[in-house]
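Sharing a structure with you now.
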């Protein structure tokens, strides 16, 4: 045991507890037919909690962690602390980028050796822990070689480097029993159209994603391939702008049956959508996969990656997740980081514990709303006119026939109340 | 002749002119192999210039036009003044919604009679005018019956009403020799997900668009069917969010070869894109059609529909239009309105004339940049590495082969300058 | 009795009630030493609920109210329905603009006669109702004469018209026993700097506000004069941008002891602030007055004026109100309107009832947090270093002395955790 | 000579030049009665050009500069290269933060020794260069000790450290003949109100600024003290939000005659204003000082600090500068950085040269507009009604008198066109 979390004991469910306890998250409580742990499938993000130094564009490192540095020993220490936190929080999953878990080497080969060694080390730790891998991913954006993109780079050598990296990360994810593999293309976009061949770059990206899918099948990886949309930042424009954009991209490259979405609240907000919109859209298109549950400041224009803390908003998100049938391979990943002033180990625990409770409250409210059924009844009633055979016939007819009927019948359709306030009041009974 | 524009004479090209003259727009000047008029294909929007009363969310009518009112006589007076303005400005095109040109009747049939009568009146006027119809469209958003959408309405009767309306508007566009038919779905979206069946509404919208395409073919209309994306306003969310979204929608409903984009600068901005991004993307996807050239305040969150007045921005837009091969059926529609304090007839002329000059300057700069060739040479050079047969082979291979090569060859790709400032300086030589 | 609200009965407090009841708002419940009704001081806004037709920039009237029109009889019918709603909701206050309650006349004098007659009519109704006037205000933005501003208009006649109007509105507010008089300058700003004399317009605005204060004292009106900040919309820029801006303005014109703030949630959001920021800042500057409690879509750029429905956000707002000592003359005005699709009378009741419950929940949570004290203890502890006499001495010294001490003492200050997540978790225990 | 800029020769004015030359900026050309160099007073920002490594929130260093590192030798090499660039560009000024020019030491005393040694080194270099110091400033935001603010920190020791630092920076600015001293409070604000004593922090900030002014007078520094507003980033909220906010702050602490504004384009945009608004407002309040001329992406929510490249926008800014009487101690500082992909030394030169040309074009256009006089004539004409003695008398009267006159005279003021499009067309003749 490291002594990083010193006196902090494993958190338990204690509805009246003060301090470090779960007041709402009870993993074994059965809600909507399943244990909450099996519904929510919480995952800790290795990068924010263990690799991020606390910098922002106007200041450097604030966190003072004993494992910061570039050696394999420190990488192992980091892993030790990570699993101690997983145990304290009793989380069933974690997620990583290659760059989070291993030190960069002087060459591709050395980085790979470091990576494989750490993967083995993590697998050893997983033996004695309940925490599994929700997903792995490759960091193809932090190193300067990726400054102009990875798959979409003007330099084919960087495409090659990126392909080899993703291959190795899929291998490791597969080896570790990961349930999904995620691609987020933070620099798959552009800073200025003036130096960009948009068409070529999109085609490079399409071929790259096809290769990832082909490779998954080749090695027999049964997990899902997930794409995570984001509109911009760090790029001025990112090709995977939002769910609708990625859907068109998948259709263009014949991948709509192969790839699902990992949807992040903050990215939805930055794209001008609500989180629940992106979830509902992905579900309606059959490409819903997993979520990054965080919170974005609505008034910044950048990704603030805060722990979720607004129960009513979280409830509306889980309502869409439940309507989509819940998670299969996906889960609730906290792609959230401490505020850079939150220096203490206890802040790390409290940030996650608070978020898990907020999710639990939101989830239970969502399940109750769905069970109550009023919202869905009112929704169905609003569209009831479309259930008639006449309506179906109309959809199968043509403009000329419809126009003839409109003129013949002298219809004069009257608007009906959308009842938004009443629906919002109903939601407020549950949250 | 009405006396609305009183002493204002037709505007001519006078590069040193003060007052009401074109200082840059010379319709007969040949640029990039064609007359400017044939490149730019300017169109006046009937709605903003003749039907909008000057209201905003906090105030009512400011304009005092002799044709405001709901009679056929006033509709004819409006048409007379409109054609007088087209002549003063020497514009080759105009555009309308049904609701702009005819008074609403007490029934569908009466509205249609009014519409058909005015269409004939406009066709008479077109006989003695050079001004043709760029496109027609249906207003399916202003009347309260459309408050919950047109094609996507929960009430099938409103779907029917909308289908019949679009049928009649396509008929009229066809009859008037219009070169395109446009669909903008301002209320094809939602105010709240709580009362919305997203999946059903998108399917209604898809079927509606299919019907429009089927009807076009049925009657032999040779013009293009254009969809105009916008992310929100008046809806909280509009299904035709941006070009990428509509592309996915067209693929879903098998319409990508049948429908093109009418791209508006202000809508691009509201969706978080630059105008040139939307143009370049549509071009790269083979769905570029026409433009609404206006200007949006970057710092409002709503559609300000101002006349364009920033030459460097306009130049970058026409650069993409020229790279896309220029307009075929499309053109430059001014979907722009006077500020509501600009009460005088001369403001209407000055707004358009200034915009035409700004477009002419921007267009000539774009043509010169393209002829100069430096920008395209530098772009090509940046991607030159992809021209090798090795690169092509790599794209046709797989992750495992690429990874084997990366490890074998010990590559260490080095980033190269993106030269953004140098490229921007080159642009500034032309604008 | 009109039959507008037909079968709707007065709402009562029923914690387990479904349908139209208060589940959380119990006017007589004592919280933090006072009845909730006396704390919250709810007010209905006449304009949104009774005068707004449901239009938006892309569509016209959706509501179909029997009192819409421009006669005195209809104005009286509107007042009858308004008081019926006040009674159903049991609200202690309402608010008006002159233009909400009376039809515009053909001249200033006729408008004034209409106004005075309706004021008397309202006063008669107030005799038999518990509902009092929270504040009155003048609509100096809807009529086209105000298109370029009221006090800041380039035309001194419009300044005069505006001054006379405000004089009459203050008179009526005084006569009706109103507790405040509000000035919101929606068109006191500009569309373009190119036609604006910024300096002169600000001086006109300053003098106008001085005159309002002078007039209040002259007639012995004991209520507060409140300014309501908003950054933009309808103007491109409004001079009363936010609380900090208005504070500087009050200081410039010697009014900081005379004028307080009426702070609206949606306006705070549009200015880039949180609602609680504006409340805390006004309180710290000694100019907190009253609130407009609504909700703005964070993702629109315009004022959406929705009924509040997020309890955690509302709780943080009332926490600042309570820390500021609560309301004196101020209150909680719902400057919120139904969505334009919410056509039914019951929507109007449900919108208000839901909002009142949300406010009650937020308020009780705020009171509990304050009583609990943990948040304030942690805040005090964070600044405890400043309580020493050394710190006070330092503030009274100078840079040279401080620098000498820093060098002499070799201090090396260490950052301490800001504990944001822990504080947010504490809040989540109460909301 | 270092060989960093290798073959790049000093840039000269060559209106037809390709490549690295000034095509518009001619320092000796007399415009509006003064040499352009004396009007524009260009300054290079040491931090962006020499200290920034190219990082962003998702990636680290991209630039590979021979002077990166933490030794005094490298600090001197950096200074050598900086002055070589100043000479190549022929700029009259530069600006620094303490942290840009010296390595951080292990203690306050060591940092100070490093700083003083480098200040002497820079002064030696200034002996043989034309480039003077426009302003100095202290970096009180990058080091982790400032994570919770400098003057506004909860820890009085950090207030002391900050005071001592500013004292030393003012000393050095004075010694080097700097013409201004700037305070930008990037962390003088908060991340969450929950842990913040807003009132106390603002008072700490006020006292700190008073001390800076007192110290300036004590040592006889004749330059201006400038505050640079910014609304947020890195803080969630920054106390110096915008010009209007700072004006109120100066009034509160009795500093409005002592402190002026350093206004940055990007910060104006982030606060929801146009750059020209902030300039016009500062001028009208008598607190205009200097500018940071850069460009912000309107569609990011963060500070992009790009080199200016839109001539029409720059022209409107200099129009306000000229109307304010031009710069006295202030100047045009390029608080702009290369895009992080612009790796080459030539990019650094091209970025600045292009910006200087854009400013020169904008400035000449502004001077021509002012000389032409049409804009000012039209503005004066719009307010002409206020020149009468009746209008002055009205401003000196009261509401009751004005109301009496309005009723007696039966005035019916009519709106007049604001002529925005015509004014914009006039501007477009010059830009």
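Every chain is named by a letter (A, B, C and D) in the order it is written, and numbering of its residues begins at 1.
Quick note on the criterion: a contact is a pair of C-beta atoms (placed from the backbone, for glycine too) under 8 Å apart; a residue touches a chain by one contact, two chains touch by 3 or more.
Note that this is a predicted model, so its numbers are computed, not measured.
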Result of counting contacting C-beta pairs for A-D and C-D, higher pair: C-D
Same or different contact residues where chain B meets its copy chain A, judged by the half mark: same
Where chain A and chain D are represented by their mean Cα positions, the distance between them in whole Å: 40
Rounded Å distance between chain C and chain D, as computed from the means of their C-alpha atoms: 35
Residue numbers of chain C (touch at least two other chains): 62, 144, 147-148, 191-192, 232, 272-274, 299, 339, 341, 415-416, 418-420, 424, 427
Residue ranges of chain C in contact with chain B within the complex: 54-62, 141-144, 146-148, 186-187, 191-192, 232-234, 236, 297, 299-303, 339-341
Complex contacts: residues of chain C adjacent to chain D: 107-109, 112, 144-145, 147-148, 154-161, 163-164, 166-168, 170, 191-200, 202, 204, 207, 211-212, 214-215, 218, 231-232, 237, 241-242, 244-245, 247-249, 251-252, 271-274, 276-277, 280-281, 284-285, 316, 320, 375, 378-379, 382-383, 385-386, 388, 390-391, 394-395, 398-400, 402-403, 405-407, 410-416, 418-420, 423-424, 427
Contacting residues of chain A [partner chain C, same complex]: 23, 62, 269, 272-274, 298-299, 307, 309-313, 338-339, 341-344, 346-347, 350-351, 353-354, 357-358, 415-422, 424-425, 427-429, 431
